[in-house]
Amino acid sequence: MKILRTLLRGAGQVMFQGSWWTGLMFLIGIFWGSYATGNPAVGWGALLGLVASTAAGWLLNENPSDGEQGLWGFNGILVGCAFPTFISPDSWLMWVSIVFFAMLSTWVRRGFNNVMAPWKVNSFTFPFVFLTWIFLLAARMFDSLHPAGLSTPALESSFDYSLDCSFVSLVIYWLKGVAQVFLVDSWITGVWFLVGLALCNKWAAIWAGIASAVALGLAILFQTNPHDIANGLFGFSPVLTGIALGMTFYKVNWRSALWALAGIAATFFIQAGMDVLMAPWGIPTLTAPFCVATWLFLLPLFRFTDPHPDHSNWKSKDS
Amino acid sequence: MKILRTLLRGAGQVMFQGSWWTGLMFLIGIFWGSYATGNPAVGWGALLGLVASTAAGWLLNENPSDGEQGLWGFNGILVGCAFPTFISPDSWLMWVSIVFFAMLSTWVRRGFNNVMAPWKVNSFTFPFVFLTWIFLLAARMFDSLHPAGLSTPALESSFDYSLDCSFVSLVIYWLKGVAQVFLVDSWITGVWFLVGLALCNKWAAIWAGIASAVALGLAILFQTNPHDIANGLFGFSPVLTGIALGMTFYKVNWRSALWALAGIAATFFIQAGMDVLMAPWGIPTLTAPFCVATWLFLLPLFRFTDPHPDHSNWKSKDS
Amino acid sequence: MKILRTLLRGAGQVMFQGSWWTGLMFLIGIFWGSYATGNPAVGWGALLGLVASTAAGWLLNENPSDGEQGLWGFNGILVGCAFPTFISPDSWLMWVSIVFFAMLSTWVRRGFNNVMAPWKVNSFTFPFVFLTWIFLLAARMFDSLHPAGLSTPALESSFDYSLDCSFVSLVIYWLKGVAQVFLVDSWITGVWFLVGLALCNKWAAIWAGIASAVALGLAILFQTNPHDIANGLFGFSPVLTGIALGMTFYKVNWRSALWALAGIAATFFIQAGMDVLMAPWGIPTLTAPFCVATWLFLLPLFRFTDPHPDHSNWKSKDS
């Protein structure tokens, strides 16, 4: 049971919630979405990555309190979601790679956190991002692995800006923005995730909702790629930035709320910029825009409240 | 009046001169050049970015002595020069973006400086470079913004090497190298900038002149893109490196002069390398070659004089 | 004689061996390979780079004990190997550039080591990698320099996976993996290098051999580019990672052996990923995959033995 709770907290920590109830809702949402969109390997990959990365923490004798809070597992579960989303699961090498890279994510996280410790920031989901970029780039050179769902490398991508802006559509885009945190393209999964967040902390759910809405509004205002808007691809990084700045690293108040809104807007621009940056390889940005934006807003070390927040690790809010 | 002087020093600090007289000459040069080249939005953008970034410093209660030296404004004024140079000013969203990104530059500078403080180096103009890269990349995905003056993305660019090397042409290239520090393509602006530098410190003007000349010579020796040579695009980063290494972070003497010359040569190679690096996106290098080269020459922490220079912030030379 | 031994140790330190006997074997292997493959400029460039970078250390009054261990020379010798490999040696500007960039590598190494010191890691061969990237990118813009042996920039490279897997061929690929550490495409050179390693420390030779074999096996298992496999291009970075993790920064034991094997596998994936990453410029990865992988495996600061290894500099094993 303790192991099970540790694993579930690992799912919850993707959105900064060290609660196994939240993690359970997230896993349900992932499995629902993966079966609903016809790619069940995403659900099973998530489970495999979660177990492998958590096991790596034990094997390497890392600080067990980190593990119990779920901090070993959140990069691994994302590795497990991403690999079958972009690489066809018909090769056993893909599954072996999930295990290896999920385990890698546990000590790469430790290394990155060591690097960032002097500035009191955390590597967040960047170990997952960095390792998945390596794997997806490498996979383009492997005849044994077959890309599925990666864009075609291109120098410029053009699009016709035409978006269905009916109220129901907008709500679906908004919910998909939340679901895409785990790379799931299903608005029902977004509901599961919001419920999971609310179970742990109402402000987490509120900031996730605000962030997805603000990013959606900016994407429409600046008229970006309508396909990406409709699939929630402008929402997931702002959702994480919103939870991080709005209620995790700063206490909830009016000044930190303005700060979080500026951070959400910055995340939107970084998302668009990185989409263009990575187009020549046809590789997704994953949650890098969230990482970059949140670092930019934590590194100045502004304090809007006392005591000064310690950014080097987030506190478990488990019950 | 105090506010006005703070703003003008912000213009001066782009070339490390915390003098409001210097800043005034720079602003005159920018406005002259922007009207002369038919794009007055550059001048007004510069003013808007300068005001917005300086205001951000006050709003965030940053250390006021920094602000009085003009250190809040120099990234913002460059943001304001760059956006209308590369994005058509016909959209109000471009102007709103100048305000947002200029404000961002103030706290991104603070964050970057926190990161670099342990090695006694400064982020220089890199906050401007980093944020403008994000915006220009993002703008390629925005139907609401229209690139103007950005290159076409390409894997390789070929050119015929044929350059007019008459004495008058060479002087014009040399002066444009100074003017392009603020992205202005006018040799008369280069004269204004040299006068502004000399008003504050004769060595600043001398090193700016030496650097633009050395870079021009190397560009002709290695036969790089003649269009870039003729528009001063190999000069502006070396100019900044020359001022930084030749008289700002080291005392003027023969050993530091050799060091600065090596730094200017390194900046030339980094400029050419980054031009090729960024060709697939058609995005300019901005002053990144200066930042990279100057970091490379400050990080070894060599001391050619006593006392050891403190690189973490440059001293105001205001009168 | 002391100068000669210092220079030879510089050659040896490319593979972490501060022994002048090892360096002598390496130099013989380089000259053999450069004449055997019809490009003698590589051998003479290596010598020139070695001398220039070591001289830079003296000129700058760096800590002489570093120099005597050969730590000034190993980046310079690699610069001298790489420039004539990728740029036609028919221009005198190429030779001047070797001198300038080899000298640069000495203080860029000092700067990078200053940056990395807080985490007890070293810049390894990254000064060489970084500076050679700059030069090769810049050279594409220089009419005065002619690329020779650089790939054509391309967004995607396709290949037919068909590899001669006879035992003799596999042995040749395996030995070329060792030889390519100095960019030499000759299996006989690989023998010279293994002999040189064994002269200094048998474990260095053993780990070099294991690493090249493991990387070769993974490259065949994942079916990567057969041309690269056959020329040892998947071997050289893992060889360096194997020596670094297997016997330089950790004492030889079973736990560190498992760690080194994981590091070798990670280097293989990073090699493939970076090959794709750099394809749009047609620029080689050089030894960057080794640097990145070894950093990733040192930064967590795991200790498998007491006393904790000091990663900030490797100890000379000279006799």
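Residue numbering begins at 1 within each chain, and the chains themselves are lettered A, B and C in the order written.
Everything that follows uses one rule, which is that a residue touches a chain if its C-beta (ideal position, glycine included) is under 8 Å from a C-beta of that chain, and two chains touch if they have at least 3 such contacts.
Because the structure is a prediction, the values reported are computed rather than measured.
Chain A maps onto chain B through a rotation of 120 degrees [Cα fit, steps of 5, range 0 to 180]. Interface of chain A with chain C: the two copies contact each other largely through different residue positions, with under half of all numbers used appearing on both sides.
Separating the centre of chain A from that of chain C, both taken as means of CA atoms, is a distance of 36 Å. In chain A, the positions touching at least two other chains are 118, 155, 280.
Residue ranges on chain A touching chain C, taken from their complex, read 60, 93, 100, 104, 107-108, 110-112, 114-115, 118, 133-138, 140-145, 153-155, 280-281.
Those residues of chain C that touch chain A in the shared complex are 118-119, 155-156, 161, 221-225, 262, 265-266, 269-270, 272-277, 280, 295-302.
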